[in-house]
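Two complexes come next, and they have one chain in common, chain A, joined by chain B in the first and chain C in the second.
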Partner chain A sequence: MTDKYILKKDHLLPLLRKLKKTHRLIAPVQNRHGDTLFTVIDNLDEVRIDLENQAQNSLKQFFFPQQETLFSYSNPAGDSYHFEPVAEEIPPTLYFGVRPCDLAAVLYLDVVFLKNAKDPNYLQKRQNSILVGLNCNDPFASCFCNATRNGPFTDCGFDLQLTDLGDRFLVEYDRSRGQEIISQWRQFFAQAGEQDVKAQYQAFLEARGKFKLQVHLDQAVKKLAEDEVPDSVWEELSMRCQDCGGCAYICPTCTCFTISDLQTSDHAGERIRSWDACTFSGFTRMAGGHNPVDRQMRGIEKRFRHKLQFDVKKDNRPSCVGCGRCVNICFGGTDIVRFINMTCCENS
Partner chain B sequence: MPSQQKDLYLPRPAEIREVIAENSQIKTFVLSFVDRQYHDKFSYAPGQFLMVSIPHCGEAPISVSSTPANGGTIHLSVRRAGKLTEAMHDMKKGDVVGLRGPYGRPFPMTDLAGRDLLFVAGGIGLAPLRSVINTCLAAGHGRRITILYGSRTPSDIAFQADLATWGQTANVSCLLTVDRAEPGWEGDVGLVTALLAQCCLAPRESKALLCGPPMMIRAVLAELAGRGFADEDIITTMERHMKCGVGICRHCHMDDKLVCKDGPVFTLEELKRLNVLELRG
Partner chain C sequence: MAGLATTFGSGAMTNSINEIENAQVMLVIGSNTSEAHPQVARRIFTAMDRGARLIVIDPRRTLLARRADIHLAIRPGTDIPLLNAMMRIILDENLADDLFIEMRTENFYGLRDMLYRLDLEETARLTGVDLAGIRAAAQLYGRAQKAVICYCLGITQHVCGTGNVQAIANLAMLTGHVEKEDTGVDPLRGQNNVQGACDMGALPNVFPSYQQVDIDDYREKFERAWHACLPSQPGLTLMEMTHGGKNGPLKAMFIMGENPVLSDPVQARVEETLDNLEFLLVADIFLTETARRAHVVLPAASFAEKTGTFTNSERRVQMVRRVIPPLGQSRTDSDIIMDLSARLGYAMDYESPAEIMEEISMLAPIYGGMQHDRLENSWGLQWPCWDRRHSGTPFLHKYYFTRGKGRFVPTVHEPPAELPDEDYPFLLITGRIYHQYHTGTMSRHSALLSREAGEALLQLHPGDGRRLGVRSGDLVRMRSRRGEVQVKAQLTETVKAGEIYTTFHFSEMPVNRLTISAKDHFSQCPEYKICAVHLEKV
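Our next item is the complex of A and B:
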């Protein structure tokens, strides 16, 4: 007897149909333009769940939307100013087809939003979530989760985890909620045998050998810790960066945000939180114009130090999850892989 | 006191009880929370800050310039610097702002007891130190207190009522200087570092607390190092752009520290381990 189960591929849709009755379902869906995006699924019969390609977005936007209202305010006169929490109903949500990089990213978001102070907006969405993962048998061209050590397979952090074994999925659980799903819908699951577990291990070994990018992340982490990254690297990258914020927006672990007021009438408005990026020149600029960061020479420094130095120091692991999305989006040539490679080349 | 997690970002209305014009650029707003019950339970420590909300202008971090013993009201001294502070300067007695906090690591008040204290401030920098000075005086600080305060011109000298009181307090010496004199000014002209030369200090028995523009801080640090002050005996409070105030949004990063949570008060010893532009010059 193992704690592992088999879900036949024919049973996947029927199972999702059952789960969808009690949960909002979010999964990678290929749209009519051929793009794969994590999408809220209204009708399972009208979409194509795509487990072949990497979703262009991560789960970040669902837990930490690009823009969200923190509360509303009104000030009918100078001597009155009221603040009203905005009641948002977050339905229980099942995230399906979450790859190890995106799963690791959610676990990192937990640290950011729940460790210092408990962010109420995040907490509500996270408490209501079930994560069903999918191990990666075929890492994509820009992937390097082997270097960040959270993939291509993972064994923790999910509620349920699937491994594609051709005609069937091997299913594991890590949280009690995952176990509950298996017991509740026992008719879809068969006990896994020794052969299935062996097949999973074989798939893992094969996946591990399929990475196309060589990323010497450990070496870069070491150089940062020992303060051996030359100023010329920061300068070159900072000058090249086009300040578009694309890397931060697409990154599943970039969480910097700004807060501002959105005036909706003369005497009312909403306090809004929106995604921000530490690479933007206004990010550190204070009232009056003083900026404690030399933007031209070191504008991009914070981004890489945060992920590969400060978080390593604090939590003993980098907060880059190796998903490779920034590699594909950066047109300035200042993505994290370039930084790592430049840093490591400087040595030789 | 912060925060019921549900209210993490939710300010509470606070009424302006009085507005004191310190100079053409700085006003001190005397505030109390509209919710009396909340106000009576509210407390803070010198060096902490509040996030201030002004309608349609968002929020800004402002350090508290009063002391918890100050008759219950909260003083926020605000320099006109951007959109929010401009709007705040237009507000009058009876108007309502939003406040949340207090946030940040305060000055190490227990470490100050039993030490000579040297306060060096420039401009609005006296605001957070005022909270420390008055707290020390209220607690009957038995050792010598030296206050050095630099302003641009004599009409820029803020907190005049406090300066007058401190000047007449036993064990306290209070020296002022200005960058540019005006007719009628008979006091010192020049940098606060020149005032330091007039002071007889015992570095090993002292703590120095600084707050002011980066240029002043750098000059004073050099002078204090020359006088034999140890890095752990020099304390300052840092200013950074902030949005959340609670250690999440990361605007106020200073290497691996966040000014809102790990600061804003730091010793020089701590700052030297970080890459801080203000110290590099």
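Our next item is the complex of A and C:
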């Protein structure tokens, strides 16, 4: 007896239909323009869940929205302020088709938003979420989660985890909520045999050999820790950076935000949190105009140091999860893979 | 437009944007590409990654100039002498493509004779660049097999704009750097659809597809299609319309999606012209400085609210699709025009944008095969696309130029209309920055873009700053013979001593109060790039 189960591919949709009765369902869906995005599914029969392509967005936007009202405030009498939390009902949500990189990213967001002071907005969205993952048999063109060591397969952090074995999925659970789903919908899950487990190992072995990029992340981490990255690398990358902020917005672990107050009337307003990017000059510019960071020479430095140096020092792991989205989106070729390659080539 | 039309026969990028990645040498002149055309700059970077060399000719040490193998910090307005000097060096060093010149061009002797009369030392002195640098650039460009020239408004917004473009065309033809893939002359367009507007005849002298109004066959074709009598004389150019003054040629204007109060030179003159119209109608998505002066403003729909096509810099016609219905009382441009036309007594009954496109493809030969169904599920088609079997044209002038043979038009230096003197000692260059778009009608509504660049800055050389007692962040008064503004200084070595640079994005600092109305004789494009100003600390 193992803790592993088999779900026939033909039974996936019926299972999701059952789960959708009690949960909001979010999964990668290919839209009519051919783009695959994690999307809230209203009607399972009208969409095509796409497990062949990488979703262009990660789960970040669902837990940490691009723009979010934190609270509203009012000052009716003109003397003392009254604060009101924004009451937004977040239904229990099931995220389906979460790749190991995106799963690792959510676990990283947990550290950012829940480790010390607990962020109530994040907590509310996170605590009633169920993560159903999918291991990657065929890493995508820009993937390098083997270098960040959170993929292509994962064995922890999920509620349920699926591995594609051709006509069936091998199903594992790590958290009690996953186990509950299996016991509640027992008719969908058969006990996995030894052959199935062997097939999973085989898929894992094969997947590890399919990465197209070779990324020496460990070396870059070491060079950063020893302060051996030459200025020319920062300079070259900062000058190439086109300042679009795409890398930070699409990154599943970038959590920089800015706070602004939106006045809604003479005596009331809302405090809003929106995504920001450390590469923007306005992120570090001070009142009076001085900017401690010369954007054209060092603008991109913080981004890579944060991911590969400061977080390693703090949590003993880099906060890049190797999803490769920034590689795909970057205009000027200043993504993290180029940084790592440049860093590793410069001194050799 | 006029420059390439007279030399090649077609005024558009000869290459596709992607082809730039494969060039061996890129000559960027009069273009701050990484700020104004990031998608093109990205291809330039990729080409450099693959070993290509970059030459930048620009008075300012822009970000791109800093990355260049050769940067020639030219004195503003001396592009023709510099290009002529390069051509002379190419002739002297036997780098000209004789076969290409023989087979594909005409009037080479006219150019050659002019170049041989040139005093190289003297010409170099005029440009403020040392001859060795010009020689290195000429050799690099002349020897390359695949070379592209990218240029932009730093070339065209001069009194000699047409001449500048002709000099560029001469250089490309002299070395055989046209008519091929990954090789050519690429004017970069500044707006998503400015190429499309020109293609559709939003020019004074042509119908769609560049069919001249004064050629009877063309005009009669459109008269038959539209059941109307059409003028055989070219209309007015932009500056003739917005600079007419009190007794201008126009009584009424209908302005769509343009903000001439901020974007045209000599603001006072534009305001006087608009205020003296009997009727001013403006259609825009926001209440612009121009719209505020209108008798009637029609709220227009944004890109997300309408279906149609945009034609980009590389002649690619792409679909834009309606995502949401027009908000509030706003309406699409085509709805506005059709309704207006109907009320004026001429019915325009088009059921859909697709029907309009069908008419375009019938009347405009270069759009011949471009119906919506062909554009819908693709990245679009590049003109010329003659019929429905044609797959579009990635690069122009294959086998022969549009006009038959490429024509060398020798050009000589024409000094700028107004150079610095004792009273107005600084040379002001106007341009654009990355985070704002044109007069800010749209981009200034973004809080993030405003945080990144929310006010106009005047780039001033630190040496000049010291002399004037101005530090970064100080307010300076900038005065020309036409007006004055106040602006915050930013000391930087991006500009040379004696030259200053600022942008026209911000209505609080309308720099076009200062600019000059002098314009190119052929294209009527104003000289935004050079005027003389006086500076003092406030």
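FYI, the second predicted complex is superposed on the first by the 344 of 348 C-alpha atoms of A that agree within 3 Å, B and C clash if a C-alpha of one lies under 4 Å from a C-alpha of the other, contacts with A are read in each partner's own complex, and residues count from 1 in each chain.
Criterion: a residue touches a chain if its C-beta (ideal position, glycine included) is under 8 Å from a C-beta of that chain, and two chains touch if they have at least 3 such contacts.
This structure is a prediction, so every number in the text was calculated from the model and none was measured.
Contacts of A:116 after superposition: chain B is touched, whereas chain C is not reached. In the overlay built on the shared chain, the residue A:310 is in contact with chain B alone; chain C does not reach it. In the superposition on chain A, A:70 makes contact with chain B only, not with chain C. Contacts of A:281 after superposition: chain C is touched, whereas chain B is not reached.
Touch criterion met: A:80 reaches chain B, while chain C stays clear of it.
In the superposition on chain A, A:260 contacts both chain B and chain C. Contact with neither chain B nor chain C is seen for A:31 once the two complexes are overlaid on the shared chain. Touching more residues of chain A than its counterpart among chain B and chain C is B.
In the superposition on chain A, contact of A:331 is made with chain C only, not with chain B. Residues 260, 276, 288 of chain A touch chain B in one complex and chain C in the other. Residues of chain B that touch chain A in their complex: 2-3, 5-13, 15, 53, 55-60, 81-85, 91-92, 94-98, 214, 239-241, 243-244, 246-251, 253-256, 261, 276-278.
Considering their complex, residues 70-71, 73, 75, 78-83, 85, 112-113, 116-120, 123, 255-261, 263, 267, 269, 271, 273, 276, 278, 283-288, 290, 292-294, 302, 305-306, 309-310, 313-314 of chain A touch chain B. Touching chain C in their complex are the following residues of chain A: 239-240, 242-244, 260, 276, 280-282, 288-289, 296, 331-333. Residues 34, 38-39, 41-42, 45-46, 49, 63, 66-67, 434-435, 447-448, 451-452, 472-473 of chain C touch chain A in their complex.
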